[in-house]
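What follows is a set of notes on a single structure, which appears directly below.
Per-chain residue numbering starts at 1, and chain names A, B, C, D and E are given in the order in which the chains are listed.
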Amino acid sequence: MVEYIIQNYDIVTASLPGLAVLISATGAFTLPLLQLITKNRRAWEIYTALFTFLVMCLTYKLMFKVFEVGKPLVYTFGGWPPPVGIVYEVDRFNGLLGVVVSSIMFLVAIYSIKYLEFDDGVQWYYTLFLGLEAGMLGCMYTGDFFNLFVMIEVTAVSAYALVAFRRYDRIAIEAAMKYAIFGALATTMYFTAIIFAYGSLGTLNMADMALKFRNIEVPVTGLPFGIIHYGMALFIVFALWSFAFKAALFPNHFWLPDAHAAAPSSISALLSGLVVKVGIYAIARFLYTIFTASEAIASVHRLALLAIFVMGVSSAFLGAILMFIQKDIKRLIAYSTILNIGYIAIGLGLGSAFGALAATYHIVNHAVAKALLFMAAGAYIHYAGTRDIEKLSGIGRAMPITTLAFIIGAFSLAGIPPLNAFMSKFLLYGALIATGVLPLVAIVIIPSVIAFLAYLKLVYTIFVKPMPEEYAKKKIKDHPLLTGPVVILAIACILLGIGAPYIINNYIWPATQSLLDWSSYTEAMMQIAQKLP
Amino acid sequence: MDTTYVLDIYLPVVFAVFLAAFTLYIIRIVKGPSVVDMALAVDCLAFDLAVFIGLLTLYFRTPFLIIGAIALALWAYILDIYIAKYFVRREVGE
Amino acid sequence: MFEVIEWFVFIIGLILITIGAICDLAGALGLVRFPNFFVRLHAATVGTIGGAVIPLFGIALVSAVSSQLGPFRWTVAGGAVIAAFLIMIVAPAGSHALAYAAHKAKVVPVEPKVCDLLEEHEKRKAKEAEKK
Amino acid sequence: MNPEHVVVLYLYAALFVVFGISVYGIVIKPHIVKKLIALSILGDTANTLIILLGYRTLPKPWPPVFPELEPSLELIEEFTKLSVDPLPQVLVITAIVINMAVTALLAFLAIQVYRLYGTLDFRKVLKLRGW
Amino acid sequence: MKGVKILFIPLMGLVVILIMLILSYGTLGYSPAEYIRSLGEFLLRQSFNVFEKEWWVGSPEVITATLWDYRGLDTVYETTVFYLAVIGCVSVFRLLQPKLAEITKEKEEYALTVIVRVATKIVLAVIILISINIALHGHITPGGGFQAGSAFAIAPLLAIAAFSRYFVEKMGLKINLSHALRSLGLIIIALVALLPLFYFGYLLQNQAKPWSPFPGYPIEVSFLELSGSLFHFDIGEYLNVAMGFLAIFLLLSLPERVFKKDMEVVKSES
């Protein structure tokens, strides 16, 4: 096994995924000690920014390494080969997502310095923040479906606590309560799904699971224990329900607008941009890498794809329509998340490589644009102290740079060329046309148009309408710490849009390929598993 | 000294008696007109479960169960103290 | 000779367990049949001290001479003795706390009452406090 | 299917009935504390389910702890043949800790809800929020 | 709401019946059976197999061995979940004026009667000893960090009720100490996990492996059975869990008037 790893990478490079997660967790572990030593909040902020920066560097290095090698990189914890121990299996798909996660976390960490200046107890905020980063990266990298449960819980617990961060805000506490109760129900459902999977397969490894469907004997775990057809049907039903909850797909979307609107804006950016992607990532990984091309569960797989497609279509329409009638700026953006998650689910539900490509690109684009929108909205709310769109009218005039970035983000998500989300929506049109049923294209165009109108109304209110006098007194201006991250994301929006052909060719398409390539995913695991007696 | 056969025959009889006692305690827990009655019955039940765990240790011949008996005894005490504190002061901390 | 002593200890242990089982059943019956809380406290004492402490000592004796438990038999015996002592301390204190609270908060009426010394004591105390 | 399997299925059926009842409690009951109780019952049911999965239907199965500190090869073989499956128990310990942590956080949130709204009834909370 | 209720009961019934139908086909291999899954058998056979040290862990307790070595990553992050939940609790219950919580006046009337106090003091000593015992023996007998921490949690719980929370604070178990010790425990875990990397081993590695240059943590130090890294992990988790519970109970036992006073500030501001 060591020969396999050494010939391709040295041991430190090989342990990058494990290190990235463990270092951000260690950041969370040590922050309480720091807050006992010094009461200076600058120290805590710089500490968090440093840790997120370090993790960002690690994930970038990891991604470039994985793209260079081309094969999935398997890291065995404790040196135990896969079906026995836990592995992190990083291919190009989750390498890319890890980079998206860590970059946005870093930007939000900087943004939080100014945004939380009036709040107390920020040391707990930053501790939970680092915990959230560890949880999300762990969800992305893991190759073991029980470990996925644990990491989802790490993400979820810190997300619940962060939504309730402003604990004397009635709406925030109520939203956190709702989010936490149903979130705990969803994760318990996933645990039940794991019971069925372990019962019928006798393994906890994802690649091993894929091999079991094809009746390939793996060292130690051997052949399936029960009848996989039925066991996997139960697994898919329970797991899909719980992932759909985490991703806020249509019947399980009810918690999202409350929780995302009530959280502090920096956290809303993370929840909308990244945390819902954990559910999407899990759906993509299970449906595309593990369940594909196996005859044993082909019918179940087809049904699951159909369910995801239908859920995606309904959440797209629901999100668009409800977005149009919102009076609260953050709720409006939160409903836009439901709409865009719907798009991603439509792409994934098509079951074609083209659809998966569109979905992958939209995951990246939506994460960038949605984080931008929430952070810009947070800048307005920080100065105005209200979330009501009518009361915010004209505030954009006082903050021209932030507003410019906000308009870029809004128009990007509304699908204006040449911004980034237009490109991924264009890919989605292509994927829908490729199915041969042309009327399907309407399900992308109609919500997009409604969303465009809603954004137009929002931008009109904020930027074009005259500013009320009370804001003129308040000395509102672009603060570099609030505007800087927003502008960086806006530039990223433009670059991802203009450079789309290059990026798709070099990053997104290879990532999608490795998502679809179950054979190299399982081979990488089998190569190490051969060591077992 | 091999006591296996004696224990294998005798312990089920003791188990039966203990199970009968459990049933009676549970009747009191369900019926209990006031909270203190229920707490008292839960108390007795917990201590008896501790004994039951000890007997299971002998029956299954595994030494690892006995630590559960100690924990159970402590948990029952906590129930008493908390109910008492609630009735006396209506505030737990002080 | 040694074997005889071991059998003796074993039989004593079994007798203790038997006594415990009987006491437990008696205590449980009393807990169900007695009319009110303060009377049931007596039955509960039989159920805890008679029904839990004594059989735990019995278990300690039996396990100390049971060779099939291997080297761990002293662990079992020690654990049983510790548990027995703990219950001996904890059970009376717990019932006392319950009774005190029930009396003080007047959760249950003190029904077959000849004289209530605790109540009188507290009344006297309150009067003294008023005088001061 | 032999009689033993029927008994096992009855056990599963009982567990799944409890499962359904607790999901009902979480979704339908308006009182937050009742929701929390149902949630912990749900977690415990799932734990019992996987423990049942790893049990061995032997007369006296061993716990997964070596009885001696210096084992022989025969003892290891016997242990492997008689002991119950350790993996479900490991998963359960992990799940118990996680359930407990989440329940603690939920309890704190519930207390905060009571402080801010003066009630723990979700319908009243929604009404007070202005819905 | 009522319509949902009426719909929900048959729905749940249907789901349960469906699951049972699927299970009755032997989906889970009619388990529990006389045989177990081969992964479980592997763990049972190898974890204390002194004859095949390539695959062993060095702990006779297969569950602790699996928990901290074969599947160590799960447990590290499970500990993180607990830690983050406690941090979340602290964050939800933090006060705008922290000075309000520091009024420590222990009064005679806060405590329960003498009998209870004496009994509780004896029991407290026993509990702390037992919890330390469980923690230090976690790799040989059932138990370990979490179990020991939960056992320790009974101590502050009892002391708070039988005396008052000020008694616990007077003993030195303050909330800042709990933060410090909790961090310390988790740093122990993180360091023990990271150390093999400096010897070019794997993260979370315990025993020496032929394919890794790390020499492995010591199995025994003179007469003490340590089982490699399991012992250190258990201590770390013990500190984390015990102090986490302490923090939770200290926060929960803050009297309600403190929060009412704290919330007045918020109301007057808005």
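The rule is short, and it goes like this: a contact is a pair of C-beta atoms (placed from the backbone, for glycine too) under 8 Å apart; a residue touches a chain by one contact, two chains touch by 3 or more.
All values reported here derive from a predicted model rather than from experimental measurement.
Engineer: Suppose you hop from subunit C to any chain it touches, then on again the same way; how many hops at least until you reach subunit D?
Structural biologist: 1
Engineer: Return the chains shared as contacts by subunit A and subunit C, ordered by label.
Structural biologist: The common neighbours are D, E.
Engineer: Once you count every C-beta pair in contact for both, which comes out on top, B-D or D-E?
Structural biologist: D-E is joined by more C-beta pairs in contact.
Engineer: With centres defined as the mean of C-alpha atoms, identify the chain lying farthest from subunit C.
Structural biologist: So the chain farthest away from subunit C turns out to be A.
Engineer: Provide the C-alpha centroid distance between subunit B and subunit E, rounded to the nearest whole angstrom.
Structural biologist: 25
Engineer: Round to the nearest whole Å and give the separation of the Cα centres of subunit C and subunit E.
Structural biologist: 32
Engineer: Subunit A to subunit E: how many Å between their CA centres?
Structural biologist: That gives a centre separation of 29 Å.
Engineer: Distance-wise, how many Å sit between the C-alpha centres of subunit B and subunit C, to the nearest whole number?
Structural biologist: A distance of 11 Å separates the two centres.
Engineer: Can you pull out the residues of subunit C that are in contact with at least two other chains?
Structural biologist: In subunit C, 70, 72, 75, 82, 86, 90, 93, 97, 100 touch at least two other chains.
Engineer: Could you list which residues of subunit B touch at least two other chains?
Structural biologist: Touching at least two other chains: 61, 63-64, 67, 70, 74, 77, 81, 84-85, 88.
Engineer: For subunit E, write out the residues touching at least two other chains, lowest number first.
Structural biologist: As it turns out, subunit E has residues touching two or more other chains at 19, 23, 26, 28, 30-31, 37, 39, 43, 71, 74, 78, 81, 84-85, 88-89, 92-93, 112, 116, 120, 123, 130, 141-142, 252, 263.
Engineer: I'd like to see which chains touch which, written out pair by pair.
Structural biologist: Touch list across chains, by label: A-D, A-E, B-C, B-D, B-E, C-D, C-E, D-E.
Engineer: Along subunit D, where are the residues that touch subunit E in the complex?
Structural biologist: These residues of subunit D touch subunit E: 1, 5, 8-9, 12-13, 16-17, 19-21, 23-24, 27-28, 30, 52-58, 63-66, 68-71, 73, 76-77, 79-80, 83-90, 93-94, 96-98, 100-102, 104-105, 108-109, 111-112, 115, 123.
Engineer: Hey, which residues of subunit B end up touching subunit C in the complex?
Structural biologist: 1-4, 6-7, 10, 14, 17-18, 20-22, 24-25, 27-28, 33-37, 39-41, 43-44, 47-48, 50-51, 54-55, 57-58, 61, 63, 66-67, 69-70, 73-74, 76-77, 79-81, 83-88
Engineer: Would you mind writing out the residues of subunit A in touch with subunit E in their complex?
Structural biologist: These residues of subunit A touch subunit E: 1-3, 11-12, 15, 18-19, 22, 25-26, 28-33, 35-36, 75-80, 83-86, 120-121, 124-125, 127-128, 131, 134-135, 138, 146-147, 150-151, 153-154, 157-158, 160-161, 164-165, 167-168, 196, 198-200, 202-204, 220-222, 225-227, 230-231, 233-234, 531, 533.
Engineer: Okay, in this complex, where on subunit C does subunit E touch?
Structural biologist: Touching subunit E: residues 75, 82, 86, 89-90, 92-93, 96-97, 100 of subunit C.
Engineer: Which of the residues in subunit B end up touching subunit E in this complex?
Structural biologist: Counting only subunit B, the residues touching subunit E are 63-64, 67, 70-71, 74-75, 77-78, 81-82, 84-85, 88-89, 91-94.
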